[in-house]
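Both complexes shown next keep subunit A, but they swap its partner, so subunit B is in the first and subunit C is in the second.
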Partner chain A sequence: MVSDILRVRVSELAARFNGEVEENLGELELTVDGRYILEALTDAKNFADVPCDFLHDLCGMDLGDYLEVVYQLSSLRGPQRLRIIARVERDNPAINSVTQIWKGSDFLEREAFDMFGLQFRGHPNLKRIYMWDDFEGYPMRKDYVIESHEQRAVMRVRKEGE
Partner chain B sequence: MDVKREMELRDAEAMEEKNILLTSIEKFLNWGRVHSFWPNSFGLACCAIEMASTGNPRYDLSRFGYEVFQASPRQADLMIVAGTLTRKMAPVARRIYDQMPDPKWAIAMGNCACSGGPFADSYAVVPGADSIIPIDVYIPGCPPRPESLIFGMLQLKQKIQNPAKARLINYGK
Partner chain C sequence: MMIEGTQEYSLNMGPQHPSTHGVFRMVVHLDGEVVTKVEPKIGYLHRGLEKMAESRTYTQFIPYTDRLDYLAGPHNSLGYVQAVEKLMDTEVPERAEYLRIIFAELGRIASHLVMIASGSLDISGWTPWSYCFRDRERILDLFEMTAGNRMTPNYFRIGGVSQDVPEEFMPALKSFLEDMPEMIEEYYGIFFGNEIAQSRMKSVGILPKELAENLLITGANLRASGVQYDVRKAEPYGIYDRFDFQIPVLYGCDTYDRHFIRLLEIQESKKIIEQAYKDIPAGPVMTKVPKVLKPPVGKVYHRVENPKGEMGWYIVSNGSTKPARVRIRTGAFVNVQMLPEIVKGWKMQDLVTIFASMDLVLGEVDK
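Showing the complex of A and B:
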């Protein structure tokens, strides 16, 4: 159930940043351009009466023509939930980091960078989190080609201090 | 049983009353080794839960003398690769195996360690721990039940006690 007051707040936000609102799986979904993501999330965090101030999850998505960053917002003070989707170009997947709003997005953004190659501007420590540092490519992208069985069976060389 | 073998056993029995046992030193050492494996608790994924449960009183691995799971590879002689071996972990696994003192053995526990299991086509998983570590016994299952692990360890016991038979099965000579 989406409350009417949240619906009003989100449509106001969508009007400001030229975004689209739709309802999907019982949640409001706001799609905006990646350039406005910092402002949009700051506003969503400070919604009057229905603040979406808890970053539940952050992940990347590969839609073929473009990439998306999905922010799942909720709150510890109410039932409101909101999903904000930021579109970024595939050739230049740069987007502002939200670590200045939520400290906890540090690891989530590192994961999105690791899997999709999203460049988060202003991130304090943007490096691979799951894969090793020498790994080439971004494995969750649609055009990633998995190495052959024989290549993967070869033990990689571990770097000192890894 | 043939007569000659029976005579040997009777002689051995007679010697035993005088507290003397005759055997080769290698056989004697292997006899000691197989009754007290010191496994290295190298749990990588969900198989480690089954491995831990094997050591618990319900399945009671200690009745075979194998219960001393060591956290340090330097005090272990058996490595149970229990779980998915990722490519990031592979050099570390090899390093732990190299740190174990000889003689040493390795068991691949579960489908992932045997062949990559459901993750055989994944970008991050080694398809079979045997490309990193020489494996003696493979235990399939996802995860194998504690009985399977106990059976696998008893198979390893057979293998060590009968090196000629193991060589015959593997190489035919």
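Showing the complex of A and C:
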């Protein structure tokens, strides 16, 4: 259940960054523009009384016209939960990295980069994590075309100098 | 030609290496025998489960969830089916809820037994390994007699469980529970109380509390670093709020405590199963759900306490028969990041012990 005090804090935050607040199935959700994500997450981490200081999950999401980065916040010291969604453009999916707030978001951001092509500014080591380095395309995007079995079965040709 | 001083060199370990518990690969930088840096390289078992989920119906995806953490299959499916049920607002029959808890906790015991077994094997202790696997086999037999599969039972359904347990299940479970205190004493005596094990593991690979929280470590590894947090208590899912159990917490932050906390958790799981065994009501095990599942438009984030760490299911429905997005947050994937932080300065053989204490399973790391 969402506590009233968290609801107040989130609506204050939404007013600052021109965001939208939604609530369904007992979860509070705040949607902001990708530009403000670092400030929004820092604020949420330092909420008085109900700090959402544990980044439980970070993932990408493809909505056709734009991409989303979804941050699931929780806390080790209370029942509060909050979902912050940052919208980014599809053509230029750049967003600030949160590795300076949570060191552990390193792998989560690398995965989102690998699967959705999200460019995290300020990430120490933004490389593909699951797919191999010269893999082309971003497989979790909705417009990614899965090749036929015959094409996939062809062995990779070694590049010159490898 | 003379080389002055020592030279740092890098060594590839894995993906085919017995100490990496699967297909984990790391590049180890060494100064003599001392580890200076470790770069984890993962993705050798990547099957693209999140992508697969988008082209399958909600029901068709259940068998895949077992293959995430294949050592504790039931708990993965539990998170998934409960997330979908939350989305559809489905009630689960009482008996099914209890059976789910029994299976999930048996899975946790099986997973922790493998962890203790392989941890001891990594420091050349063969006997504890055979003891743990002997007892794990009884749990797998229980899975097999009910669902047909040993490690990936595929037992849970959206709205209940696939079938009731057979007649011989409950007596077998009872005798297993009766034998458990003796088993736990055995593990303690041969492994945790062993002098060699203690000298190899105590105060090795320290993960301080602040670092663990900053690295977003979850599960038993976090609890071995002095944070008493468990989703089963903090945000009870299913019927976990009906049972009386404790969250074990240790403050040593070292490899020994990360092993030992698993033994304590086995005891707590035993308590839960005993209560569930006592209270389980008779009745149906499956509620009426439509043949074609179409959850309403919406999103849900459901967390469960997997044996390897917290698992989060973020499911977005667009009202059709297939999910728009299934995001799986796995504990082991995030927990990998503690390895480069805590092995610095330890020797090569300590790296193996520290790696074992993290309790990774590559099905969950690579998804």
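One rule holds in what follows: the second predicted complex is superposed on the first by the 156 of 162 C-alpha atoms of A that agree within 3 Å, B and C clash if a C-alpha of one lies under 4 Å from a C-alpha of the other, contacts with A are read in each partner's own complex, and residues count from 1 in each chain.
One rule holds in what follows: a contact is a pair of C-beta atoms (placed from the backbone, for glycine too) under 8 Å apart; a residue touches a chain by one contact, two chains touch by 3 or more.
A quick note: this is a predicted structure, and the numbers were derived from the prediction, not measured.
The superposition on subunit A brings subunit B alongside subunit C with room for both.
Set against each other, subunit B and subunit C differ in how many residues of subunit A they touch, and the higher count belongs to C. In the overlay built on the shared chain, the residue A:Met131 is in contact with subunit B and with subunit C.
In the superposition on chain A, contact is made by A:Asn24 with subunit C only, not with subunit B. Using C-alpha centres, the superposed arrangement gives subunit A a vertex angle toward subunit B and subunit C of 40 degrees, stated as a multiple of 10. In the superposed model, A:Arg158 lies in contact with subunit B only, and not with subunit C. Contacts of A:Glu147 after superposition on the shared chain: subunit B is touched, whereas subunit C is not. The overlay of the two complexes leaves subunit B and subunit C separated by a minimum Cα distance of 5 Å. On subunit A, the patch touched by subunit B and the patch touched by subunit C overlap at residues 130-132, 139.
Subunit A contributes residues 130-132, 139, 144, 146-147, 149, 152-158 to its touches with subunit B in the complex. On the side of subunit A, the complex with subunit C involves touching residues 24-25, 27, 29, 54-57, 59, 61-62, 70, 72, 74, 76, 79, 81, 83, 102-108, 111, 115, 128-132, 139-140. The residues of subunit B lying in touch with subunit A in their complex are 87-88, 90-92, 94-95, 120-128, 131-132. Listed in rising order, the residues of subunit C touching subunit A in the complex are 42-43, 46, 48, 50-51, 86-87, 213-217, 227, 229, 234-235, 298-301, 303, 310, 312, 314, 316, 325, 327, 329, 333-334, 336-337, 366-367.
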